[in-house]
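Dropping the structures in below, format is structure tokens.
In the two complexes that follow, subunit A is the common piece, with subunit B as its partner first and subunit C second.
Up next is the complex of A and B:
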């Protein structure tokens, strides 16, 4: 446990030193990255040991803040979230050391590393804190540090806008958390979490209210639809390694908070599970649909985070429903699938954001329609991005499949009980739709960015990134592969984590786990077989081509004499059949001039896939608030007499009211 | 004694109405000074006959401060700041008097409704206190000049003083002196402030100072 504290101190101190040496970019870079790597590696040790041995450790120090105490507690659930937080942050820091260095003339790298290391330290403390005040403090530190990282390139208007959206959204979410913790601590008067666990809230209504507050407050951070609007703004705006950390692990602290709150609330109500399944379904489908309509590579990935949070929500929803209706197999597998997907998503979404960062680094554009043909120019990046794409689509032989498979099994287990049939059908159907659309979306992303011919000079001049950017991607891709092949062992590793959630029910837990053991082993076997066949095919192709001339030619162009790169499918034309099918939801705006006449001179087409929730729901509300505030501005006349009148009238009215 | 007290109270009420109806700054300062003198006589009459040296000393001190020093200070400001001698109110004099009458009615009603801890010497003292406070507030709100703001403030303070008289005749000397000193300092500082604002900006109209808002 003290190792964790050492890790946090190393992170904070190195960040501070990097800030102090901000004037010398290379030294700041060295201090920041070195501290981040060292801190993360130190911190991983106790987390892994806790997960391995299933023990717990605690630090409890008095703290003079009202209701506060410095109470850290490392149990399996915390350790499980701590692993990806520290692991991905270390890899992202490694990547950032090369990535940020190209900004050294324009930006203060010391500040960037200070906020990065602060973000990592605060995320670690969020999952360790066991006191409401400490938790909210770390939560705020995390939000603010990431805000400053999002606004790293603050000279750009769009980045500033994104930063504000993020700041407003995260603070609104935190407001709900304040109410939640005040509500939870009302019974005992203590903000320590072990007190909250014992506090029996009066009746189920209060518990349900607490759960609803947690869903809104933590759901805003996690990015459930309709609280996701900040996510597609903030993630593309941040530097790529920060996007990886934010999308990969920071939004997972929302999931952690939700799970931790569930442990306080005792036996769940069935409708909590229904709510989570509904949110998960909506987030998953909407996330992937909006992703389909995007033209910006990082924005597309950000919408996929919404989708994957939806999948996690589906898993947790099935788990909670199973707990409420006393179906241990469904509960364990649903929660297990959701939790494993947290880890998996951290790995492959981190990988994809790093890959998108490499593309951005090499071509200086995130516009999918300006890229193309990068597989020839950047083979390593392309291979890694492909691995990430396969994983995120939930296809074997990579890790995304394993966690979605667990959720599928949980849903199929629920199919046979009449009370959960609907939930099971919704989950199975939803996962199917999400998976299919995700495959379409990543076919588009990978196909348009890496295959075909370059659509712009920037893409044509792109060069493969150097090893400093490649190694982190390779590390994450190997992690994806490793998790997939260690799936049965991963489930065993999840056991202590699940015990935190469902209580120590040894027999049922082991039963549920043994249900999936056999299928998982076959999955691993078949995946290995698949890889073997793939390797054989590659080998065979190589043998066949050996010694024969290989000539590159243009794509067959139907006899047309001058094929150009602009005749390829663009990102929006590839997705158009699907986006048109779902246009009821997407409401894509089309602008432009259609060609007419026999020899059309000029034509253009422009499509905008704006966020429906942002424009249709939040924008009117905030405009209403602004309108009201502008009206209220009339109160501010700037005359002493008017202000005195307000005071006098108020006092008089209160007096009359009292004497009535 | 009660008859004298009531007469005094009625006179003070009349000074308030006179204040609302006056158009001249000099007249207003004099009215407020007169009100201060009248008010300083109240404790002598309200003490149910026996005059202790303490009450006499307090009354004399109040009389000096409110009846002599304040008017002298304010008239000096009026002279040196060279202001326009009109009140230039936001609310016309006639309307002001009408509002004053309305406020009087309201304060009599409220004086009856207010739950009082001890019965006061005269049934009119509490309404007087309320009326003074409200007239002070009204002057603050409805008049333009910084000088009249000071006058409104003084009238309000008189109301609070009267309220204290209604119940706590025996309130500690220190508290009384403290309040007096407070008001004295306030008027003193406001006088200097007005003088300086005038010197910088060539006017003391508070509504023209509103460019500083936001």
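Up next is the complex of A and C:
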């Protein structure tokens, strides 16, 4: 436990030192990255040990703040979230050391590393904190640190806008958390988590209210639809290693908060599970649909985070429903699948954002339709991005499949009991649709960015990034492969975590885990068989082609021998059949000039896939608030006499009130 | 583990190229032609395996990996594919998901290989394949879920039950009694699966494998640039995929569960060839749908699958 504190102190101090040496970029860079790596590696040790041994550790110090105490507690649930938080942050810091260095002339790297290390430390403390005040403090530090990281390139208008949206959204979410913690601590008068139990809430209504508050408050951070609007704005605006951390682990603190709240609330109500399944289904399908319509590589990835949070929501929803209806197998497998997807998503989404960062670094554009042919110029980045794409589509033999497989088995289990059949159908059908559309989206992203011919000079001039950026991607891709092949061990590792959620019901838990042990071993076996068959086929073809003519020519284009780069299918044209099919939801706007006459001179077409929730739901509300505030502005005349009149009237009203 | 379970993949490996040949012969018979010899598929494979290869300069290693991955996927999927009541080499809870997702991997790499050529035609085919397969994957998952939802009846002697959420478990329970009791559900699921078979194997009315215009193709246009052994692997992989999906449908349509695995498997293999004849008849009698109509056709199949699942819920 004290090692964790050491890690946090190392992170904070190194950040501070980096800030102090901000004038010397290389020293600030060294201090920031070195501290982040050291801190994360120190912190991973106790987290892994807790998961391994299943024990818990605590620190409880007095803190002279009303209702506050410095109460940290490391149990399996916290440890499970700490692993990806510290692991991905370390890899991202490694990547950032090369990535940020190209900004050394324009930006204060010391400040960037200060906020990065502060973000990592606060994320770690969020999952450790066991006191409401401390939790909210760390939560706020996490939000603010990430806000300053998002606005790193604040000279650009779009980045400032994105940062502003993020700041408003995250504080609205936090407001709900304030109410939640006040509600939870009402009974005992203490904000320490071990005192927050269902006992302090009279009746199921209050517990349900607390759950709803948690879903809104934590769901805003996690990015459930319709609370996701900040996510596709903020994540693309940040530097890529920060996007990786935000998308990979920061939004997962929302999932952590939701799970932690569930442990306070005792046995869940069935409708909580239904709500999570509904939110998960909507987030998953909407997320991937909006992703399909994007032209910006990082924005596309950000929408896929919404999709993956949806998949996590489906798993957790099945789990909560299973707990509520006393179906331990569905509960354990649903929760297990959701939790494992938290880890998996951190790995492959981190990998994809780092890949997108490498593309941006090499070509200076995120516009998918201006890229192309990068696989020839950046073979390493392309291969790693491909691995990430296969993983995020949930395809074997990588890790995304394992967690989705667990959720599928949970849903199959749920099919058999009539009270959960509809939930199971939603999960199976939802995962099917999400999976199919994700394949469409990532074949589009990979195909248009990396394959074919370059569509612009920027893409043609791109060069492979150096090892400093490549190694982090290789590490994450290896993690994706390793998790897939260690799937049975992973579920054993999850055991103590699941115990925290479902309570120490040893028999049911072990029983549920043993239900999937054989299937997971078989999946691993078949994945290995697949790779073996692949290798044999490759070897066979090599033998066959040895000594035979293998010629290179032009691509067959109906006999047209001079295909140009602009004749290729673009990202928009690839996605067009699907986006048109779902235009009811997407509402894509088309602008442009259609070609006229026999010899058309100029034609253009632009499509915009804006977020319907942002434009259709939040924009009117905020415009209404703005309208009201402008009216209220009339009160402010800037004359002392009028203000004195206000004071006099107020005093008069109060006096009259008192007289009554 | 018994010899029958290992002979199922072996039968697929040997017999798969016959299925497209049967479809061709049926179509030839309808058109009044004599048609290709039944072994033409094998001759074509042998010829292509003996050739060199031509690759486009635009392409990368993904293009060369595409056919390998696709074939490796369908070959691996054979490990969990039951033929009616006959047990596959490996069977475990959730294996229907693995089978469908392996087909998903094959699709991912087929599409990626098509995008690798930089050709507008292949991009077009890839885009359509991505759209249509997203719809059929949903249909197949939901139909199989409907079959999982059924299956409570006691099994005939000698039929191995398998895990209730495995393909083996699903197909072992699909007896004649099941057809009498839940005929509507099974018929709806079978119809939905039939549409999936037609779409996934690029058959009329979704796609026309014999068309000559690149603009109207879906699957064929994606493999235009492949040649030699690569093309052989693609043809063989396509035949294998046809075999797998036909086996899923034939196992449902032929409720023979005698308890003798050889007999059951033989009946389903017969069913696969009967399905090939049926596909030939459909191809001879129908025209290809307009491309804009195809999503409606596929969505309709998805709706049938959902109705099947809901009915399975109520009965």
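Everything below uses one rule, namely that the second predicted complex is superposed on the first by the 627 of 660 C-alpha atoms of A that agree within 3 Å, B and C clash if a C-alpha of one lies under 4 Å from a C-alpha of the other, contacts with A are read in each partner's own complex, and residues count from 1 in each chain.
Going forward, a contact is a pair of C-beta atoms (placed from the backbone, for glycine too) under 8 Å apart; a residue touches a chain by one contact, two chains touch by 3 or more.
Nothing here was measured: the structure is a model prediction, and the numbers come from that model.
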Quiz item: Looking at the overlay, what does A:550 touch: subunit B (first), subunit C (second), both, or neither?
Solution: second
Practice problem: Applying the touch criterion given at the start, work out whether A:425 contacts subunit B, subunit C, both or neither, answering first, second, both or neither. | Solution: second
Exercise. Please work out whether A:103 is in contact with subunit B alone, subunit C alone, both, or neither, and reply first, second, both or neither.
Key: neither
Quiz item: In this superposed model, does subunit C or subunit B come into contact with more residues of subunit A?
Solution: C
Quiz item: Now for A:70: first (subunit B), second (subunit C), both, or neither, which partner does it touch?
Solution: neither
Quiz item: Which of the two partners, first being subunit B and second being subunit C, lies in contact with A:436: first, second, both, or neither?
Solution: second
Quiz item: First (subunit B), second (subunit C), both or neither: which does A:380 touch?
Solution: neither
Practice problem: Classify the contacts of A:577 with the two partner chains as first (subunit B alone), second (subunit C alone), both, or neither. | Solution: second
Exercise. Could you say whether A:613 touches subunit B, subunit C, both of them, or neither, answering first, second, both or neither?
Key: neither
Practice problem: Could you pull out which subunit A residues touch subunit B in their complex? | Solution: 636-642, 644-645, 647-648, 651-652, 655-656, 659
Quiz item: Contact residues on subunit C for subunit A in the complex?
Solution: 49, 51-62, 68-69, 71-73, 75-76, 79-80, 90, 92-95, 97-98, 101-102, 104-105, 107-108, 111-112, 114-124, 126-128, 130-131, 133-135, 137-138, 140-142, 145, 148-149, 163-165, 214, 224-225, 228-230, 233, 295, 306, 309, 313
Practice problem: Note which residues of subunit A are touching subunit C in the complex, please. | Solution: 372-373, 375-376, 379, 382, 386, 389-390, 393-396, 401, 404-405, 408-409, 412-413, 415-416, 418, 421-422, 424-425, 428-429, 431-433, 435-437, 439-440, 442-444, 446-448, 451-453, 515-516, 518-519, 522-523, 525-526, 529-530, 533-534, 537-538, 541, 544-545, 548-558, 563, 565, 567-569, 573-578, 581
Quiz item: Which part of subunit B faces subunit A closely enough to touch in the complex?
Solution: 90, 110, 113-114, 134, 137-138, 140-144, 149, 206-207, 209-214
